[in-house]
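Here's a structure for you.
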Amino acid sequence: MRNVNAILLLSCADSKGLVAKVSDFIFRHDGNIVHADQYTSKADKLFFMRVEWELKGFALQREEIFSAFAPLAEQCKMKWDLHFTDYVPRVAVFVSKHLHCLHDLLLRRHMGELGAEIEAVISNHEDARDLVEQFGLKYFYFPVTQKNKKQQEDSELALLEELKIDFIVLARYMQVLSGEFLKYYPGRIINIHHSFLPAFAGSNPYQQAYDRGVKIIGATAHYVTEQLDEGPIIAQDVIKISHRDAVGDIQRKSRDLERIVLARALRLHLENKILVHGSKTVVFE
Amino acid sequence: MRNVNAILLLSCADSKGLVAKVSDFIFRHDGNIVHADQYTSKADKLFFMRVEWELKGFALQREEIFSAFAPLAEQCKMKWDLHFTDYVPRVAVFVSKHLHCLHDLLLRRHMGELGAEIEAVISNHEDARDLVEQFGLKYFYFPVTQKNKKQQEDSELALLEELKIDFIVLARYMQVLSGEFLKYYPGRIINIHHSFLPAFAGSNPYQQAYDRGVKIIGATAHYVTEQLDEGPIIAQDVIKISHRDAVGDIQRKSRDLERIVLARALRLHLENKILVHGSKTVVFE
Amino acid sequence: MRNVNAILLLSCADSKGLVAKVSDFIFRHDGNIVHADQYTSKADKLFFMRVEWELKGFALQREEIFSAFAPLAEQCKMKWDLHFTDYVPRVAVFVSKHLHCLHDLLLRRHMGELGAEIEAVISNHEDARDLVEQFGLKYFYFPVTQKNKKQQEDSELALLEELKIDFIVLARYMQVLSGEFLKYYPGRIINIHHSFLPAFAGSNPYQQAYDRGVKIIGATAHYVTEQLDEGPIIAQDVIKISHRDAVGDIQRKSRDLERIVLARALRLHLENKILVHGSKTVVFE
Amino acid sequence: MRNVNAILLLSCADSKGLVAKVSDFIFRHDGNIVHADQYTSKADKLFFMRVEWELKGFALQREEIFSAFAPLAEQCKMKWDLHFTDYVPRVAVFVSKHLHCLHDLLLRRHMGELGAEIEAVISNHEDARDLVEQFGLKYFYFPVTQKNKKQQEDSELALLEELKIDFIVLARYMQVLSGEFLKYYPGRIINIHHSFLPAFAGSNPYQQAYDRGVKIIGATAHYVTEQLDEGPIIAQDVIKISHRDAVGDIQRKSRDLERIVLARALRLHLENKILVHGSKTVVFE
């Protein structure tokens, strides 16, 4: 149990004493807080907290923590989650024909910095198979047509369940997932959009950026919701362009952005640093 | 005539020999080119060039250059302008109640880095009068209502003509100028918009950015056209925000951005480094 | 007492229960925490905390808080400070001949965003007098020579004491303050250095940057210590340059950076968001 | 010969008519210039130019261009190079144990955006062998000790010559190449340094950055010269850090920077956009 930490992510209506109550719970059981971050949204009178403490020396076994904390959570009507830093989330990556984000994830995994295991790469094309298998990972091909979409999604869901997938990354997956599908992974699907949302939502943002003559382009990682390109934003970044950049140059420059922004968002999620707050996120960096 | 340079800004249909012909024109008259920049838009088959050379040692008097270059310009059907670096453009600044951009321009002028003279500050409010007069500049108050707008614009135009204004800066001016007004200063009015256009066009972009939960905000300087917030973009920049930033914080952070972006755009314009290309700009930085 | 908050800034050896004890102190007296931030430096086993709560509804009068908290502080051997958000710090700005940072501070004050009052502008030159007096502020001229330095510093210290100055900003002040002088304002003098420290420490960093051919320049705001340019860094920022930028261009670009970075550092200090940690800072943004 | 361009990179003492003479040379032979960029260093009175034109329709065969241009080059005492855009440079990548930059290059090659062929990966360790061979590339292991260094460098040089290597990338290669070695590839070796040079030159810049408490870290790509970490800088970029970032976090954040900066520098070099100017670079972006 050396070096393993517990993380509480919680939100509730704001009231006096919340920091005291939560930190006291940990202190009473001999826990040592290593990170604590708190945010109060005045507009909504909501309280958000992330607290991380060492299990080493903590008086409760990890399986006892949930029930020990539940009464306080109930009293304050918290929405809350409990995580442990030694759990390795099981991730599925969805991809189509643009492979730079997938590449990037494969290399981060190879360097040991991903913080998750890629249990499956799922695609509506065969383009990525060789690369994925070369890294010793499993590749699943689900070609999607208008006709078979429902059926393919059902098959995908079955596979995801079988593989006990915790989390889905859409690494430039060019199919829209149905609302039905999304219900199974609420707040557990991240997409990378290749523009600085809300600018250039929809298709072909590179061309849109070129046509409008912007001097900066961006990329946006967000949780997926039924409203396309409108899910809670996790991370964004930008890069300068000029009149000299044709659509192909914009695309090339954007690829680096997309890789970095997706990786950053994924890291924040996997380190349990994000709380969703309506259509927005609270990110405890 | 020491240290004065001439600048040619030109565009025309692309064809072979354009760089050679223009640089030969300068060489034949003993000119020394200090900057030359060229861009060919393949999509439109258009050629853009900016060339700057020293008048010192140049065989033509500055008043002879125009007519000497005209035949070549005509032959190639160029759109072109000729500028001299010792001319100090006469600028009018329009402002309403948010004074940070005006402030910034006043200080750059005071530091001698503006590259223009502010001949008038024009406002639909009295808020900026004291500050402007404190710096020894002229302030003109034109309150605008739905009823008197046409009449006030006519008075403003008369004033601008009387003051021989070359160029107008909308430094957070909260009135929309009529198409009629704009015709008198085509490509000679710069606006600073307090968002990363095309995101959050229209009113209250700070609130829009807050509501959408973006992680980065921006500012955009552009030439003013009849299509509000759609004129050719000159410069943009961005700054990071987080969930902790309330609308007031976004506003404060944006103020610094707006100052910097407006100043950068103005400098590029005043140094004759911009060519307008349809709804876009070619910026020779 | 509406809308006034109390802020505790504290550091001590790390031990279990520190967050709980501090937040419990506030909760016991009916305080509502609006911000709490905590950081544990594992390397040094040090604990740092900033906690802000509303005085409205708090059971202690503001003058009682200090003595009520002192026992806990003593028990944990804390270094600590208590601040109130309605206190307007009294600032002295030192300046020489480069006035852009002073300008910027004057304008932020004029816009009401400074969060402090400028009680004196002190200079070893007369260059800034007109500007300062134009804004209705007091200007003090202390020409410094090798011979009179000690004596002038004594006079400055007497003036600062008379004016009850809390904090000093060196806004491009070109004199080195003596160790003697610094002792009177430990951790209460901010300097803006016109390079990305530790690169180009010492004199004429613009020229140094030009000579080295770097592609990015920076500015650094730091607390002043006896080791010149080695004090704890508060804020830094950078801007791109190219081979086209002569020393004068680097200087002009840097000016905007210096203004922004100094303003950011000053804001962080005035909002009591900084704890000094040896030669480094903990900044709770 | 469709779509192939010729590129001239040249520098010489500044004099009148250089742009005219070069562009006239191209025009006289029916060439269509697609890019022309020029820079005059006033301090040194040196002229730098990059001009790119289409071979399609050009009156000279590509093998005739060199001798046709030589007289003008001689007359103006130019240093010059001629390149063609369809030549694929042959690159050797040197690497030790940190593989993120190598990874990145492998993926850019796999995506077809590298603009060069990686003919060899050379290392003083075996760590990268599997990865490199997995991508079907050749891996050469040259363990270096103090004793065998001269001999190993000789073997490396022989290999490089045999493979007709044009250009070397030090992708976090932890050995210092001898002056002897460097003579064989003057201006043809790029290194990525994991700091914002000249800050934190030498070893372990991550630790140095941590110890100094900077708020921004950087990476620098430069040509390698005998003076370690002092070669002409090609590209730099930075990322923000905070007190929360331990050395490991700085390392992780820096890795992304290093990948991007090295890739950018390599692209600029491979597109023949760089002229070395003493200890600095002229980069025609």
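Chains here go by letter, A, B, C and D, matching the order in which they are written, and residues are numbered from 1 within each.
The definition used in the following text is that a residue touches a chain if its C-beta (ideal position, glycine included) is under 8 Å from a C-beta of that chain, and two chains touch if they have at least 3 such contacts.
If you're wondering where the values come from, they're calculated on a predicted model, not measured in any experiment.
Look at the CA centroids: the one farthest from the centroid of chain D belongs to C.
Two chain pairs, A-B and A-C, are compared here, and A-B has more C-beta pairs in contact (counted per touch definition above).
Per-chain Cα centroids separate chain A from chain B by 42 Å. With each centre defined as the average position of its C-alpha atoms, the distance from chain A to chain C rounds to 37 Å.
Among the residues of chain C, those in touch with two or more other chains are 39, 42. Viewed as a contact network, the protein chains are fully connected, with every chain touching every other. Residue ranges on chain B touching chain C, taken from their complex, read 99-100, 103-104, 107, 110-111, 113, 131, 134-135, 252, 255-256, 260, 263.
Chain contact summary for the complex, chain C toward chain D: residues 39, 41-43, 196-200, 212-216, 218, 232-238, 242-244, 246, 277, 279-283, 285. On the chain B side of its complex with chain D, the touching residues are 14, 16-21, 23-24, 26-27, 30-40, 42.
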